[in-house]
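The structure that follows is given in the form of structure tokens.
Letters A, B and C mark the chains in the order given here, with residues in each chain numbered from 1 onward.
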Amino acid sequence: MKYLGITLERPKIGVFGFTGCEGCQLQIANKEETLKNLFNSIEVVNFREISSDGCDDYDVAFVEGSITTESEVTRLQKIRNQAKILVAIGACACLGGVNNLKSRFPLSDVVKEVYGMHPVDTGPVRRLQDVVSVDIDLPGCPISKSEFEWLVRNLVLGIKPQFPQYPVCVECKQQLNSCVFDMGMMCLGPVTRGGCNAICPRNRFGCWGCRGHSEEANFESLMRILRERGFEDEHISERINFFNAFNGIL
Amino acid sequence: MSKPPDFNRQTILMQSERGFKSEIIAAIPLTAKEKLFHIRICDPCERENFTFLPGQFIMIELPGCGEIPISISSSTSNKEFLALCIRNVGKVTGMLHRLKAGAIVGIRGPFGTHFPMEKMTGYNVLLMAGGLGIAPLRAPIYWANNHRSDYKDIIILYGAKEPEQILFGYQFEEWRTIYNLNILTIVQKADKRWPGRKGIITDLFGDIHIEPDNTFAIVCGPPVMFKFVCAHLSTLGLPRQRMFVSLERRMHCGMGKCCRCNVGSTFTCLDGPVFDYWTVMNLKEAI
Amino acid sequence: MLFKTITKENFRNMIEGIMENNEVIGPKSRDRDTKGAKIYRFLKLNSFDELEMDYTRSYSSPKNYFLPFKEDLATYDLRDTGWEQEIRYTIHPRIIVGMRACDINALLKLDQVMLKSQYPNPYYSARRRNTVIIGLDHEPLEDCFCRSMNTDTAFHGFDLFMTDIGEKYFVAINSDTGYMILNRFDSCEVGEEDQLLYKEVRGRIESKFKTQVDITIVPELMDLEFESDVWKRWGDKCLSCGSCAMVCPTCYCYGIEEDIDLNFDKATKRRFLYSCNLLDFATVAGGHNFRPEAHIRLKYRYYHQFRGFVEAFNQSLCVGCNRCGKACLAGISPKAVIDDLIGTEKR
């Protein structure tokens, strides 16, 4: 492959999963119509979902899931040492995600509730960046395939990808959606990073903040708006803590 | 001297939407971060018809990567190629720095206002540049050299951070001896090997004599420099309408449509980038 | 200007006739708000019954049919060191029914920038020239202040403009296309009674404006009150979400992005509408942001609307539809901000 005379290298990639639902990994293997082109531009050397073969000679590691056990820490550190670029994919890896629910209760209660008579050694939920240095966060729950492909194109070209800094509202208005607030629903769109084409509000479902907060989001103003509209703090708290994207605003 | 604007519709479309295919014929490293690109419009007819005035800029496009505004650093009489001095700071400039001679890029333009060189006839011209600000000054310097008898004294004051960051230093001797320009440079930081002056550009005012009634000034550099330099020139009695500055803003279109370069009540791409200092004072937060 | 009348039944026939072979856009409702009121938007109509002739206000303006939120400007075939560029701006004609006078005036303002300036915009021009506009009068809503902005009536910029006079529509004709369309379906000459009814309706509409915004000295105030804490106060509320600019009928700020496909042999140059309220609007390469604070960005939106545009074209960019005020969750409306700036807002 060449771009304006520059020879482009096919990066060798590995895809790895930690604590999570594997939905983000599945997204990468999804969408047959572009899969052929995708594999033309990258060389997959380690990806359990598409091949049982695997080697550790990769340049870019896409890592899904949050970190909850010590063995995961060791495995992640090994990946970090190998990869030139480490990309956290999905809300679990970037934010802690839904798994973070666990951190709201005493650990012993959680272990007892989930594992009963067969307890396992599990710790609090951590984001990848709490354990190793992360080069790129690819947000979303799950990640979007088109955004993943966009990221791959940037990596092949050697460009640092720039994610939208603006909130979901921009793209929501561009879809000509009715504002879900007008329909009485709560929405975190005004403080959540855009780039998802407002897929939830488009389907009349308020935003839950899976992509993390937008740059310099105005939380005070949003809290004022939510309370003025009669949402209870308990309800608000449940929403903003869901993906662990807005720590400490309520 | 300057050609009247061409309002032929085809030309406007050429300028505004369709890029001229242009070939990079040379990419010359100047410093660690700056390269000088020589770019030639591929089509000989388009190349012949492409004219610009000192201080104008073009949009340079790498298809699939992006498009950025760059001021033209070559002589208006150079029909062979355009020289663009580009610092590696972002996505597009980073990619440009990787390109080799032979790569094809797109250019649109020229856009924007120019330094009114014809108005300066019969006057002294004081050109002041800070850092990369020397790039847009190269076109007016070439112009002045080509029309040397039109102007009285020409003084160039150039301030850089370090000696290694001085751009086009290799040309200074030629400009001094052949065209009789007075060029003074100053750097902020330097070790003992630097024989010249250390300090900021306003320190150089002590070394020159300015006749406020008889001088035009052109200033290019970071916004903070405009403030100090223009304030100093004002106290000397130089009318603000005879001081010209070139502003930098984010630009996406170059045609006064995208509003990204909005400054005060106007747009940098249409009413600028060259403004006289009186206008700058009137524009909110211009500097 | 020529005038005619058309019965409501014939109007229906007319729209259905047009619809057979053309794309027709009109106000449609899909959702209801918490009070049960319909929320309208301009969308493609599949039948006449979807057209809501008694709609109040569309949530978003129909500007996206002239300045799409995303639009491909050019495509490129990349090969080795070079490329070929292809630019297309041919579009299929379409008809927009039910545009308000303020929206038509908004287009006239956009025409100033996009058609009548130094660099005409061919993409906008193609859409503008290939769109038939059938306007529709309405009684002002509580918060409409188009009267103050001098945009409550439209004298040009449309093909047909209709006023409901009971049994019939009173139609102003402003183009040959409009004249031809109307003549193909049964329209009548204006009778004395129609004229009386029309005057009565116009009078009623004019008497119903409740909201006024005095902008006489606003251009000067923008400079005089540039450092005012009014901006800080409203800026603190601002979410910097860009909703105001997206729903606005005249905001036209945009950005350009380029994209390349996975085979690295095709590229696209795309325009996307942006908003001066968004954080990175004025960030240059290297990271310097000329407008890092929300209140400064908010101020510049007003500065452009009520000062910059006035300087360039002798009119405000704002048309007084208050869509931005409605869409803003933080309750920032032009009326409130300008009253605050003038000092008449009750605090």
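FYI, a contact is a pair of C-beta atoms (placed from the backbone, for glycine too) under 8 Å apart; a residue touches a chain by one contact, two chains touch by 3 or more.
Keep in mind the model is a prediction, meaning the values are calculated, not measured.
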Arrangement of touching chains [line / ring / star / complete / other]: complete
Chain whose mean Cα position lies farthest from subunit A: B
Comparison of B-C and A-B by number of C-beta pairs in contact, larger one: B-C
Subunit A-subunit C separation of Cα centroids, rounded to whole Å: 36
Whole-Å separation of chain centres (CA-atom averages), subunit B against subunit C: 39
Where subunit A and subunit B are represented by their mean Cα positions, the distance between them in whole Å: 44
Shared-contact residues (touching 2 or more other chains) in subunit B: 62, 64-65, 91, 102-104
Touching two or more other chains - residue numbers and ranges from subunit C: 78, 81-83, 259-260, 264
Residues of subunit A whose C-beta touches two or more other chains: 3-5, 157
Residue ranges of subunit A in contact with subunit B within the complex: 3-6, 157-160, 162
Subunit A-facing residues of subunit C, complex: 30-34, 39, 41-43, 59-60, 64, 69-70, 78, 80-83, 236-243, 246-247, 259-264, 273, 275, 278-280, 294, 327, 329-330
Interface residues, subunit A side, partner subunit C - complex: 1-5, 8, 34, 37-38, 40-41, 149-150, 152-153, 156-157, 165-167, 169-170, 173-174, 176, 178-179, 181-184, 189-191, 204, 214-218, 220-222, 224-225
Residues of subunit C that touch subunit B when the two form their complex: 73-74, 76, 78, 81-83, 85, 87, 113-114, 117-122, 223, 226, 252-260, 264, 267-269, 274, 276, 281-286, 290, 296, 300, 303-304, 307-308, 311-312
Residues of subunit B touching subunit C in the complex: 12-13, 15-19, 21, 61-68, 89-93, 102-104, 106, 248-250, 252-253, 255-260, 262, 264-266, 270, 284-285
